[in-house]
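Note that chain A is present in both complexes that follow, paired respectively with chain B and with chain C.
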Partner chain A sequence: MSRTTSFKLVLLGESAVGKSSLVLRFVRNEFSDFRINHRVSIGFAGAAFLTQTVNLDDNTAVKFEIWDTAGQERYKSLAPIYFRNSNAAVIVYDITQPPETSFEKAKTWVRELQRQADPGIVIMLVGNKLDLSASRKTSTELGKQFADEEGLLFAEASAKSGEGVEGLFMEIARKLPANPPPTRTPASRQGVRVEGQAEETPSACNC
Partner chain B sequence: MDEEYDVSANVAWTSLSHTPVATTTSPPMASSATHSILHTSHLALIWMIADPHLQGTGLTECILSGLLSVDGQKVLHMDRNDYYGGASASLNLTQVSNSGLASLVARRTAVVFEKEVRRRQERGGGDWDQPWTGRSYSATGEDYAVDLIPKFILASGELTRMLVHTDVTRYLEFKQIAGSYVYRDGRISKVPSTEMEAVRSPLMGLFEKRRARNFFMFLQSWREDDPATHQGLDVNTCLMKDVYAKFGLEPGTQDFVGHAMALWLDDDYKTKPARPTIDRIILYTQSMARYGKSPYIYPLYGLGELPQAFARLSAIYGGTYMLDKKIESVNVDPETGKFTGVTSAGETVRAKKVIGDPSYFGAGKELEEGGGKMRVVETGKVVRAICILKHPIPGTDDADSAQIIIPQNQVGRKNDIYIAAVSSAHNVAAQNVWIAMVSTIVETSVPEREILPGLQLLGSVLDKFVSITPLYAPTAPGSDDHVYITKTYDATSHFETVVEDVFDVWHRVKGEPLVLKKREVQVEA
Partner chain C sequence: MANLQLEEPSRHLLCASQPTFALSKGTLSARASLMILAARLGSPAPVTHPSATARRPGVMGARPNRSESNGAKTASKDWVRRREMLVDQALEDDDLEALKRISALPGGFGSDASRKKVWPVLLNTAHYFAAAGPSQATHATSMNGHGQHHSESAEDDSPDVNSGTEHPDESQVLLDTKRSFVSYPKHLAPETKRVMQADLQHLIVGVLREYPSLSYFQGFHDIMSVLYLTYIPIPEPPRSRSSSRNRVQRERGEKPVNGGMTGEKRGRSASPRRVATHPDTLSPLDGSAGTVERHRGGANWKTLRQLAAVVSLCRIRDAMGKGLEGMMGLLRILKRVLKAADPELARFSSHISPVPTLPFFALSWILCLFSHDVDSLEPIQRMFDFLLARNPISAIYLAVAILVAKKPQMFRMAKGLGSEGERDPSLLHPLFARLPPLYADTPDAPQPDIAPSQRADDDPNPYEPIPLSLVFALTDKLMVQYPWDEAPIRGDEIMGEGSVVYSYEREIAARKDFESGWTLETAVQLVDKEVVKPGSGEADEDEEPSLPVIKRLRWRIRVPRDKAGTAVAVGIVLVGVGIAAYSTRAGGSRSDWRRWWAAVIHEWVGTNSGVGRAREYWRVWVGVVENVVGSVRDAVV
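After this line comes the complex of A and B, so read on.
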């Protein structure tokens, strides 16, 4: 019997480093250079989260609920609710930028997660835009070293070419605990179920 | 690999009928208590909407920006605080004390909390050590989410409907409030909500139980379209006191029916048509029937989760959020008086319309010399005491949470006193700590004394933080100047008036009523 466990995965990183593009490559195997309102163009608009399931072996599957920042990483407006109950985080930076920009920002997100998230959270640091490695400005060693120091998983990938994308999610899946953690899937909610119940209860009054 | 596109996009809005809930206010107070620890002249949040709209992040404003974003409006939402929720936030120590721009309420709370913690650390030992020092309180304070307003969600009420229709429930987890109690003749008892419970309730004597039973049976069988169930009463015209008279209910029974079930804050409803009162009792009993323990539900981690969840709804529909943005000025065209934009940190954002809470539009400030416009008016004051307990509220069967209503007549007041208690069961406090908020509408010059009957029900109080909060309402609908102002969160124990304000502001901003359509129900083949 195959068993599927759901995990909440949050995306973090500076704007325009390719967070949403990585996920779209992973979930739909698509990529778009077009970026006006990127979340609308790549299909995150109106989506609370995207899901994708990977099979670890014949018996075990991991279902990711992937949460996009919805642009709230800008202007210091990412709410605590975003981090709540997250099991994994993918922190993205752009290797074609000098380290003091998006890589530095990635480091601050690591600190933020260490402060706000569950101590057991699996963190994957990703250097994106590997297809543009000719114009690389942040070295692989720098990323690797920081990841080692902080105990993070590390990968470089390209949302555009697809290189390394599936692998990095597989690596996270392997690292996640085998036992279902508390997530927000309806079955494991601690409290009352509210969804859909408003429709079920006939209303005897005008309220 | 399966792929699922999880959308709240098939939210299509259908009709949501809407029961108006009256707001009650007392006359403005001449003076406030000098010994109050928190003086909350700047209640809470900024929410502004524009086209691009601007907003702040209190619950009212976040619901509006969520709905407007789904509606396709371009929304820019700003807040002077570095956290979501303004007056409807739940705060922990760290967040509060790190925030240079925290509202006056929050800042003073933080200062007081910090001082207390330091004092207790210096003194050392004793009862204060746990949970007040160390990890759970002074070190990070992360275990605490103290609501700034005490409100619970009626399980069948408007906010629940709004949460379900917008799919915002996916970001939240809810738990029941464990009990609903009412004070009568010096003690508290569970509020009966069915004829069966009425029969068992210690609130009434034998004969009164029969009468109450008849009254509840009348309510349970009442159907709008079946005159045979109306027992000759036209609820649209007859007064509520006449309904009471028909069933012969005693004044004490009327107190719990009108205040603990219909949730009126004062007795004005008795001399008004019975319809809204009956609607509200039915709402209460329906809410009660839904999960069983009480009519209320509450989000884990505190009420501050609600504005965040609606803000996320807005953001995934393209809304832009900016926290920690001090608003220097709200700009109007000198010729037409119409709103043109706001200035923050020297930058001016232009927008057609703005929505915001009263604190962004001069609440609590003197009118500047030589001009300006009086945009908000004080309608009353609420006194609230946040009390920290190390035990459940006596008489509640060790409930992890409760609401207790003290009807005004029972303690010789004009307005009810409310107690709302939550605990670690809701992830808002350290283990074995209860947070109880006692509140009422201010009637005298010594507000803190007015909540004494409530405080006395709590047993020993470990710590107490009292605030006096003026309530503000806009002076104009905003149609002339395109400045749309929300109301301060009132003294009611639930969110019905908040949602009413959302409907009202939407109507003012859009010029048409807000119609929530039912979501497409997905039928499996």
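After this line comes the complex of A and C, so read on.
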């Protein structure tokens, strides 16, 4: 009997670097050319909220609850609402852009997380669009070096070809603590009611 | 006696579909019961698991069969013609109240042709663009101080990137317009979509360059795409012209060419919507880059540009400043309205966000006026009909009405999540954020003929359709019951004088008083000015306790299946009483509600088959809704 542990994961990164595409590849093994049917993400975690479970071994499974985010700068102020409670973050940049654009933005997200997120958060830096490596403008070394310095996980991947996508989520899963994450206390897992909760309980409650 | 008569058919209805209800005695209210019944009646197909419906063909809002069916044709023609006359009369009288009321009715403004006449009136474009002359209506020269002229004249054949000063958000606009027209219209040829995306880019960049103090937000492109699709016919793909046009028209959720009036004479002056032969649009769009631009010189495009400007500056200005303060303010108001309208649902909703502060799940709804989240065109056009006829705060009430309307379904699904959902309420977040299919009901088609659309390549909508007129009636009721600037909502403590919710009043005053001083320039000056009151970002005193709640929350919803029929019957009686009381309080005529209520009972008694009863009841319910809307209007007036 395998044990499944749920973790919250938030995706961050500049607009159109492929955040939603990575999630869709991971969860549904699909890739949609954005010109055809890929919507812009607005705000946070609307219909883009998805879950996917990966098996680490015969006895352990990790379920990701993935919160996708909007890339535009103006929505940045909302991000802490979501990443403060996350166990993992995937920060995405586009390797076909010069480093001073989306890679630079990825670095600011790292700083943001270091400042505001749970200190135990697992951060994965991902250079996306590896299928377009012929027009690469941000080198693997640059990403790798920054990740090493900051103690982040690092991967390059292609949501389009699928290369590296599952691997990066597996790596996050392995890095996450084996114990239930802090957002689930043993008490809550058993559904024990806490004192003072009566007023909070919907009247439909049968307790 | 009435109870006995009511109970039986109700039970029958329920048996015909699926007798599972997210209800308990504790939650039963008249409104909830009506919502359930409405949701039920709105969907003739039994509830199926999402995976079972995922590949079901059909398009929500599209009614390809009806227009081909001779039986329905006559009825359709009658109500459309009547409605168009009503609209024309209201337009003639510049009767905003009438337009407001019509927008909420089943069928709304009746036809696309009507809608296209109404929107400029609701937005009062003639007032703002009078200087250029209504017929030419070439846009007034820009207000950006650069003296650039952004006319939509035929010679303006380049996508605005050659004129004016580049707006800093243009690259973001391009990223987003390249991802536009995704949910609707469906089945566009790639080349067609490319032309439309270029048009949209042109439209948005034009507005931004003209009013550079506006900031673009992701989602603005969704709002603009609704305006665009309403006024600009879908360009012709290079090959297999007519067949694909007709298909696309149907997929847009519209009636076929000629506004569903194929082969019929139209009684009024309304020009038939001859998309396929529209002189503005057909010939230029056959592909070559040089001719693609030419339709931008047409009258439709001019109207579109004017509407885009007025919507941006007068209706969604709060979202087009530098930050999100305005939206946060609106979310706070939404939270308060929800709490007033349905305390249980409000409590429930506060537990599903990672941090239980504001109803962030509704952010994209109100930010994009629902255009990002509705997945077919006709319903969102109807919602725009409704919203454009009201103070922009109406979007908040519409959001709450939708939540209340989908609550029974939502609770049922939440129940289905079982212990997992109890342990982790954030799993319910997608249930909150997802809009149900909102069905653009009409008097002759109060419920969908066919299954709701399922984006074949995307996750299916787990909800059953809910008729829009029902949601609209509830929205109006809530707006009267809980005014945004009075207790308990007290939105006036949150929104500043520079917000659209205040400037709307000036906008309305300018309809009567041309010297009122309200112009687009005035609106420009309000961008980023006092959108919210100072200090309004602070937490409500009634704010939910912070983080630990998520760990503690233990909720359960009872689903008393065998009692559902009785519950609904009782609910219907309560609603009858409620409507009566409400009408009386609102000053409506007693005989009015009695008449409606008698009609309800009469219809139940007088019909035979279960399905027939359902449909008949539905017609009457629509009548009741109209009555409520009428009462609300009376109360306002």
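Please note the rule applied: the second predicted complex is superposed on the first by the 161 of 207 C-alpha atoms of A that agree within 3 Å, B and C clash if a C-alpha of one lies under 4 Å from a C-alpha of the other, contacts with A are read in each partner's own complex, and residues count from 1 in each chain.
The rule is short, and it goes like this: a residue touches a chain if its C-beta (ideal position, glycine included) is under 8 Å from a C-beta of that chain, and two chains touch if they have at least 3 such contacts.
A quick note: this is a predicted structure, and the numbers were derived from the prediction, not measured.
Of the two partner chains placed by superposition, A:Pro119 touches none, neither chain B nor chain C.
Once chain A of one complex is fitted onto chain A of the other, the partner contacts of A:Gly151 are absent, as it touches neither chain B nor chain C. Judged by the touch definition given at the top, the superposed model places A:Tyr75 against both chain B and chain C. Of the two partner chains placed around the shared chain by superposition, chain B and chain C are both touched by A:Arg84. Once the two complexes are overlaid on the shared chain, A:Gln52 sits against chain B while remaining clear of chain C.
Touching of chain A by both chain B and chain C, each in its own complex, is seen for residues 37, 39-40, 43-47, 49, 51, 65, 70-72, 74-75, 77, 81-82, 84, 184, 189, 191-192, 194, 197, 201, 203-207. Of all the residues in chain A, the ones that touch chain C in their complex are 6, 8, 15-16, 30, 32, 34-47, 49, 51, 65, 67, 70-72, 74-75, 77-78, 81-82, 84-86, 183-185, 187-189, 191-194, 197, 200-207. Only residues 1-9, 17, 19, 82, 84, 155-158, 160-161, 163-165, 167, 169-176, 222-224, 278-280, 282-283, 286, 290-291, 297, 300-301, 305, 308-309, 311-312, 315-318, 320-325, 518, 521 of chain B touch chain A when the two sit together in their complex.
On the chain C side of its complex with chain A, the touching residues are 24, 26-27, 172, 175-176, 178-180, 182-183, 190, 193-194, 197, 215, 217-219, 221-222, 322-324, 344, 347-348, 351, 353-355, 357, 360-361, 363-364, 367-368, 372-373, 411, 419, 422-424, 426-427, 429-430, 433-434, 455, 457-459, 544-545, 547-558.
The touching residues of chain A, when paired with chain B in their complex, are 27-28, 37, 39-40, 43-55, 65, 68, 70-72, 74-77, 79-82, 84, 184, 189-192, 194-199, 201, 203-207.
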